[in-house]
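Below is the structure I would like to discuss, written out as structure tokens.
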């Protein structure tokens, strides 16, 4: 029987921190410039053949708003590495790109084509949570080193690839989205009890709904779902959903609508004065390129970033990797990076570090097994903070984070309120290794069974 | 009470947009017997061009003038229609209808990518237009003024189209061609001209729909494909080729969707398809159609 | 005169047989001749060809354009996935039988609604019904996994006697044993479909296609035969869906969504729906076209769209329908 | 003896009384000519009897059985067959297959999907015989859509004949063909009636043809039967001459 504790105590126990002070929980040591890629001396003879990566992401369709930044992040990292002569200073990175919008059937074929026909050395990218479970097993079959940079469904490593060898994922898992929004909402608005939901009608929305509810129940006690709306992914007309939500008179609207859909949702909600009538928490309001959200967006909303990354955080010069990354990214693409850019960028740099470490051990060009051994357990100072790859399940772990939207005169679009960024060590909100599997996700089961009810 | 009123207005608003899309689809089928699968993409073209035009001059012109720019979106879609019909569809009229369906399917694929090529992957917005209309207060509920504007545009389009088709000489020719193309042709009607005009008007309405919805929902990739499926449902319920059908179908779908969201949120998606399937089962030609 | 005609007919038949055997021999040798990727591609092509053969029984032989065949393909695929999920089965034969049965039942239900109609009404009704199935797969996530889909691990073949060994490379399994499995079923399907379209039943369908009223007046029960044709057609396409699953490893609602129906139509039009083998060639060629278009450019949709538009404008008879007469003429001249 | 008898059969299309309470009798073994101006209701009557249309009222008895509510398929089983005014063939199929299909359907063999059609010798032989009888054997391998108009008319009749009906309706078998071709078509029709034990009803506009070949003639006008008798009687019937024959000659 879960005990009862006060909310404050429980949040403390989770390791929740607020504000820009903590660069990244448990990682207050700022990396020295040496660690942040300086010249590297390769051991042994390294071939000069290009290193081919395949980057799959959405280039067309509604999800291209996420895919484009992912590709830009990947290219930026590749250009940086190539400027140093390539991997180990010798092997230039070449990228084959592919459109994820072609559907799972075509994506599986494309991965096979990339590996078998184009002979890629490494596969990265993938945004949709419907695609990683399809591509993960195929990558294992093909013995292709794979670094997924999104496609964050818990299902990937719980069911589709339960014992990954070649497949890694560097970004946080989906269940963190709902849990983080619940933590933020319960901290900011402890009195909230009546919740309305608007979610895109597919696995991601379902996952956000479940995990928000279970976490909220534990954090806030008696919550009540007063309204649900499940618009189809790609919906841009929300008037009826908004009216339904308002008429249910909730204290809080929680939504995981993202991309162009979210832009349409908030713009229409404004016209109905929705933001004046309730608090709003999102998982992905800041999922798109920052300039896509207008200054008309009301402040104070929990503006989620898929629990991964916002370009303002870690802020200023406290965390050099981020300051450098944002500057380089802006110089290169004339826009600010998103969590997708950071994921793709970090994935490639983690690969670089793993290759370098493996080279130091074995000399020459390390084979995939050596690179994998180095990726397992690798801790890397990424722009988002330290990112650690758990050896047992190949899942990247970094602090989950979310924040509150504010309109700052420094930017032409809304950003995070740096005084109120919330970070939680990811291990505090995901099921520990070896926890018995459950439905809908192991983390859900874990929260339900082990979190105390706080009041 | 206030919710009921708001939801009625929402239904009307949604129906207005649906009607603008569906009436063109229906008109084109009625006159030319072509189910235009690229119709939704022309709706998206209307949205994109309008957003682009507004964005270009937004800082120089007063908002009320920008409203006029929405017409540019409609005009662009109409122009596209006027170009596509004679070049790509006309050669196919003697062929089985499968080919026309496939041609428009091919056009759909091309147009979707073309929009990405021209306007990039990020959504275009022009919300200044929707902000221009203040939200109004009805029975204690807040309702967006722009939505009322859209309802008015939809209603005006319905009346205008009706008057055009039933009260003008061109409308008579159009209806004659629609009822019996050979006969009309034998009586000296320039069928080629009627076809291109009908197709252009259909595209114009779709483009107008896209343009007026753009300030609210932005221009996003994939919006056309979604719109196409909804327009299909509308014309299937109302009856392919019937303008009354498109209007009634739009009102039904608008109301059903609103009710679905309100009371059957879980199956919002399936409800529409099921209704379309049931209507088709009972009346294959739709409520107002002729088989 | 008639003697000579008969002889040349026999010659033609003999020539055809020779080409047929040569192609079959090539298909058998593919895993030895071509790299694994090409073998995989061909497996996909052959599977899509089965779907296209089924589809064309309706379009080419019965005169009905279905825009809802994704439903049968998807039902075939999901049947295998559900057998794995709920019964823990792994036998491909069980999948194939159950997949064929489930898609036949689906087609029978669709047919009960659709066969009263023809032309565009049939097309749209099929589209609407297939979307109902799609929305079910999408919504019943606790059964179907929603958009995450359902996984299907490598099945065992031939009653469990052929299986993926522990630690064995799945790619080798797919490009050898599974390829032959697909090839065998493909040849069976081609043979079966050839008999069907040349049987009295097939003649009755062609009669319905050519002239529905007259078919009724020579005693063909038009609706009943359309219904049977739809069931047979759906079964073939469903079988293809079942065969597809092990290649993809996962089934998602994507394959039930209407653009996948569009793809099947594309196969058949590309190859030519007035010919028996057109759809087969079309499916194989389309598979290559799509794969390379996606690999070559992010504007792959535009490539496919342009191909479709050009095809409709310049080659309405499709590849086989356009090329076969050219060959025939050349031979006559020679 | 009456093979077919309709009792007060009625079909109205809105205000048009296409067939208005008609009592129509066809006797066993005769070749009956059905005449009347355009819109007199001849084709509608045939459509009602063959099952293409359902009557609003009335009864149709064929060979002792009430067929009023029967489907087209069932009436064909009973032995009613017809050809069409505008040729109705399977254009993309060969001439032989047009006839063979009919035989397959008659024999209930169209349900078979596991045997090749061209292996069924019995059916092919019979199809060959039918084609020979209609003088089309040399065209057997051609597509029906490629035949000349006269041949198409013949094939249309042949397809109906291949059903081995008891009663055969021929809707204008000689319309649209040259005068030269009319006699051969009608000769074949006559011969199958005389030697095949078939009863035939021929709708015709060409009065020469009707009066030459018919055993009996029924004249219709505005949905009702105007006259009924031997060719001689009809020729002398003044109402027929004024309302029908005159108009036909003029038009």
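Note that the chains are named A, B, C and D in the order they appear, and that numbering of residues resets to 1 at the start of each chain.
Assume a residue touches a chain if its C-beta (ideal position, glycine included) is under 8 Å from a C-beta of that chain, and two chains touch if they have at least 3 such contacts.
This structure is a prediction, so every number in the text was calculated from the model and none was measured.
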Path length in steps (a step moves to a chain that is touched) from subunit A to subunit D: 2
Most remote chain, CA-based centroid, reference being subunit B: D
Centroid spacing, where centroids are CA-atom means, of subunit A and subunit C in whole angstrom: 39
Distance from the mean Cα position of subunit D to that of subunit C, given in whole angstrom: 42
Between subunit C and subunit B, distance of the C-alpha-averaged centres to the nearest whole Å: 34
Residues within subunit C bordering two or more other chains: 138-139, 299, 301
Residue list for subunit A, restricted to those that touch at least two other chains: 59-60, 201
Sites on subunit B at which at least two other chains make contact: 112-113, 116, 266, 269
Chains grouped in pairs wherever the two touch, ordered by label: A-B, A-C, B-C, C-D
Residue ranges of subunit A touching subunit B (in the complex, touch as defined): 58-62, 64-65, 67-68, 201, 228-232, 234-237, 239-241, 243-244, 246-247, 259-261, 263-264, 267-268, 271-273, 288-289, 292, 294, 296
Contact footprint of subunit A on subunit C as seen in their complex: 35-37, 40-41, 44, 138-139, 141, 145-149, 151, 169-171, 174, 244, 247-250, 252, 254-255, 259-260, 290-291, 294-295, 298-301
Partner subunit A, residues of subunit B touching it in the complex: 2-3, 6-7, 10-11, 13-14, 17, 112-113, 116, 120-123, 125, 127, 130-131, 135, 141-147, 213, 216-218, 220-223, 226, 257-258, 261-262, 265-266, 268-269
In the complex with subunit B, residue positions of subunit C that touch it: 59, 65, 67, 113, 116-117, 119-121, 123-125, 127-129, 131-132, 135-136, 138-139, 258, 262, 265-266, 269, 299, 301-302, 304-309, 311-313, 316
Subunit C contact footprint on subunit A (complex, rising order): 59-60, 96-99, 102-106, 108-110, 112-114, 116-118, 128-130, 133-134, 137-138, 141-143, 153, 155, 159-160, 201-204, 206
